[in-house]
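After this come two complexes, each holding chain A, first together with chain B and then together with chain C.
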Partner chain A sequence: MSARIIHIASNTFREAVRDRVLYNLIAFALLLSGAAVLVGQISIDIEKLVVINLGLTAVSLFGIVIAIFIGIGLVSKEIEKRTLYTILSRPVRRWEFIVGKFFGLAGTLVVNTFFMAIGVFAALLYVAHKFVASDALIFVALYFIILEFLIICSLALLFSSFSSPLLSAVFAFSLFIIGSFAQDLRGFAGMAHGVTRWLATGAAYLVPNFSAFNVISSIAHGQPVSGHLILYNTVYALLYAAVALSGAVLIFENRNLK
Partner chain B sequence: MPAIEILGLEKTYMVGFLRKRPKVALRPLHLTVEDGEIFGFLGPNGAGKTTTLKLLMGLIFPTGGGARILGREWTDPEIKAQIGFLPEQPYFYDHLTAHELLEYYGQLSGVPAKGRRQRVQEVLQQVGLHDVKGVQLRKFSKGMLQRVGIGQAILHDPKVVFFDEPMSGLDPVGRREVRDLMEQLKQAGTTVFFSTHILSDAEALCDRVAIIHRGELRGVGAVEELTSSVQGKVEVIWQGTQIPATLKALGADCHVSGDTVRAVVPESQQDAAIDALRRERLRLISIAPVRTSLEDYFVEKLRRAETTAGRTA
Partner chain C sequence: MKQRRRTSWIAAALLAGSLAASMATLHHLDQMRPQATLEDVLYITSPSVLKRASLGYDGLLADIYWTRTVQYFGAHHRGGGQSYALLAPLLEITTHLDPHLLVAYQFGASFLAPEPPQGAGVPERAIQLMEYGIQNNPDDWRLYYSLGFVYYMEVKDYSNAAEVFARGSKVPGAHPFMKVLAAQLAQHAGEFATARMLWDATYQSTHDRQIRKNAIEHLRSLRVDEDVIHLQQAVTTFGQRTGRVPASMAELAESEGWRGIPVDPDGHPYRLTPDGRVEVSDPENFEFVTRGLPPGYKPTPTIP
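Right, the complex of A and B next:
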């Protein structure tokens, strides 16, 4: 990776930290500790299940919101505020800028997820008093959540490269919601006929298949995740993010800055 | 080898939503800036100065033409390590301090890590920001941001610098400091290309200037050539408030200001005017040819352009 990409990524990370993005951790900690205390009092034998479900879902949602809200402004804000002028007048390629921004945002989310994961494990320890071997499956769920973030980051950047922040947010959120039901969409496409079938199948495979990444519920029940799914999700997320990022680069390479 | 060669660079935007129509921002521009000179790019607001600079920086793409900077294609990313750019009314990452921002820009421009911090400190001193350590840019005034902007443009010791309205937002002292800085850059062999509509700055600083209006180059030349005595008149100044009748008869244009009188007479009547003052025993203070100021030249060029445009329409 070129040094310039690393510098742009570091600056993106620093900007997010200084814009108090990591303050969401406080809200997360409050939510989780409150939930842990509450379920400890009201549930019988399902405290662990509730904490894992709630904790991992919160990790995912907090991260998605951050990815979208930062991601949509990564390029458009720089164009709007003209901070890009002093970047692109240096020996920085446009694609390096996009890739650097992507890694900066992804890095922010990984660090954020790391701290949230500590919170999840702490809450788990509070309600269960000990860890068991199946708790290690939580790492798989966290890994899938990070893969989801990579896709969302790349999509937010793609939209940000040609659209306004508001529209980018609408597009990214819509894709996240539709993508969460991608499996159902594929099933529906299978039932359709003729041109509708072609269109529905195309749309179903075009939207990111986030449903394949959601293993929170099965992990909360202690069910293992197959190696095949881990491999599939890894390849899928990396390819999807790479394609979306290439689209962002392609658009940005040809864009006149106002 | 010229520092900058602009070879027919042009830009047309398509405007309108449903019925797109072309809007010419820059007509084919041909311009050469020699190595080591301070070159002023003059024009009223909306003339095409910023468009030209944005094209040269690769921020927008031309409709036609090209350019060479230091003998290489202007699109070559590596050439950018040798150029510095100050955009008009610059805005920077306001979560950073001036030191952090320049450090970051130094990294992107390939300033070696060893000595980078010292270089940042030197540049901040040079632009008059001595005591801003730990202060985020969001707390900087417009003038201070302008200084940071100039600092980032010269940080990596570029061979050519492009300044878009560098005096904008600066107080008289700040403007003077920037002028001095540009002189220093010239002495160090740096080519300075700057756009401005403040003609006194251009007149004081530039070796050559170009005038652009409505996207079209209207004139280019050395400041001395453009401001040379072309009017065939002399300016006579003497002490007192008395205006000799003979001078009035010579057709002199006289103005009393305090205890001096300023008269402009045709060059051919210069001796007669001096004789008239002697006869009246008035004390002559100065006599000098009337020079066309850059402003006169500029206004004349724009007036002619307007007239031509009117006739064409």
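Right, the complex of A and C next:
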């Protein structure tokens, strides 16, 4: 990776930290510790399940919100503040700018997830008093969540490269929701006929499939995840992020910034 | 600067005052409209719609619905337990959202099957729930046990109970008592010894405090039921022999050659009414007792 990309990525990370993005960790800690203490008193026999389900769901949702809200402003904010012109007047290529921004945002989310993971394991230790072998599966769920973030970061950047922050947020959130229904879209395509079938199948393959990344519930029950799923999810997430990022680069390279 | 500080103080005082006043008003409104509770409302009744709306975070939603089920059952049980209209839909939603949430099946069946006020009095829904649980978790012998239990205790369908225990005994890792239960049921269904064995098995098969406490309560009540039957038989025999009802439990004990007046599991003596009925001294101490109760007795509901 070129030094310029690393430089832009580290600046993006610093900017996110300066924007107090990591403050969400406080809300996360409060949520998790509250749940760990309260659930035992108001429910029956699901303390550990709640810590895993709530912890990983919060990691995922907090991260998605951060990815979208920061990602949509990564390009447009630089244009609005006119800092982009300063950057591009230096020997920085446009694609390097986009890729650097992507890695900066992804890095922010990885750091955020790391701290949240510590919180999840701490809460787990509090309710269960010890770790068991199946708890290691939480790392797989966290890995899948990070893969999800890569896709969402790249999509937010893609929309940010040609649209306003508000519209980019709408597009990104819509794609996240549609992507969560990707299996249903495939099911619908299977039931349709003719052109509708082709259109639905095309749409099902075009939108990101987030359902394959969500293993939180099965991991909470200690059910193992196959190596094949880990491999294919990794390849899929990297390929999809590459597609969206290439799209962002393509649009940004041809965009008239004057 | 001074002006700004004064404004800040006024704003802070206004914030605190308004917040306190709004909370007091809301409290007053709640008292004015005691029936205006959202507790008994299920806005979305379709488990499939909820599963899709969860955007893949169905595990957490299932935990929320399970907690809501527990709260719903607890609140209604405490309030007399005459109607549990939403219990079955809540359990259905919970288990569709997370078909592997075993606790929802095990407790759910014991919430649904018993007659009110102990439960919702819908054993057929409990059976449906357990069958769904077994379908999704065929390797968990405890679900077969719970289903067999419902068939035996609530439906009194001993052949189906025996069949389910036999099915469960074939699951790898099943507790050996499953085979024993299946055999026992085939020969001695409906006997106290079988019921006692079932509750013993329930006690042994779990570490959950609530379930164990429930099993102990049932075992205590079973002993009272059994005692009352024996004592009532003794009263009948006494009547056949003397042509009258014994004047007291002490007279009955003396004529039968017992060492003292028979006592319940708490050590309180059984009572004999003037018309010759054997009664337990304090029925409140035996939640599940079915015999030896004063005429028209209605138990006071307790928190499960």
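Just so it is clear, the second predicted complex is superposed on the first by the 257 of 258 C-alpha atoms of A that agree within 3 Å, B and C clash if a C-alpha of one lies under 4 Å from a C-alpha of the other, contacts with A are read in each partner's own complex, and residues count from 1 in each chain.
Note that a contact is a pair of C-beta atoms (placed from the backbone, for glycine too) under 8 Å apart; a residue touches a chain by one contact, two chains touch by 3 or more.
This is a predicted model, so every value here is computed, not measured.
With chain A as the common reference, chain B sits beside chain C without any clash.
Contacts of A:254 after superposition on the shared chain: chain B is touched, whereas chain C is not. If you stand at the C-alpha centre of chain A, chain B and chain C are 150 degrees apart, rounded to the nearest 10.
In the superposed model, A:112 lies in contact with neither chain B nor chain C. In the superposition on chain A, contact of A:211 is made with chain C only, not with chain B. Using the contact criterion defined above for the overlaid structures, shared-chain residue A:88 touches chain B, although it does not reach chain C.
In the superposed pair of complexes, A:19 makes contact with chain B only, with no contact to chain C. When the shared chain is aligned, chain C comes close enough to touch A:181, but chain B does not. Contacts of A:3 after superposition on the shared chain: chain B is touched, whereas chain C is not. Of the two partner chains, chain B is the only one that A:11 touches; chain C does not reach it. Measuring only between alpha carbons, the smallest separation of chain B from chain C in this overlay is 20 Å. Chain C meets chain A in the complex at residues 52, 55-60, 62-63, 66-67, 70-71, 98, 100-101, 103, 107, 208, 210. Touching chain B in their complex are the following residues of chain A: 3-4, 7-8, 11, 14-15, 18-19, 81-93, 254, 256-257. Residues 39, 42-46, 49-50, 52-54, 57, 60-61, 177, 180-181, 184, 210-211, 214, 216-218, 220-221, 223 of chain A touch chain C in their complex.
Listed in rising order, the residues of chain B touching chain A in the complex are 54, 57-61, 77-78, 80-81, 83-85, 87, 90-93, 95-96, 104-105, 107-110, 149, 152, 162.
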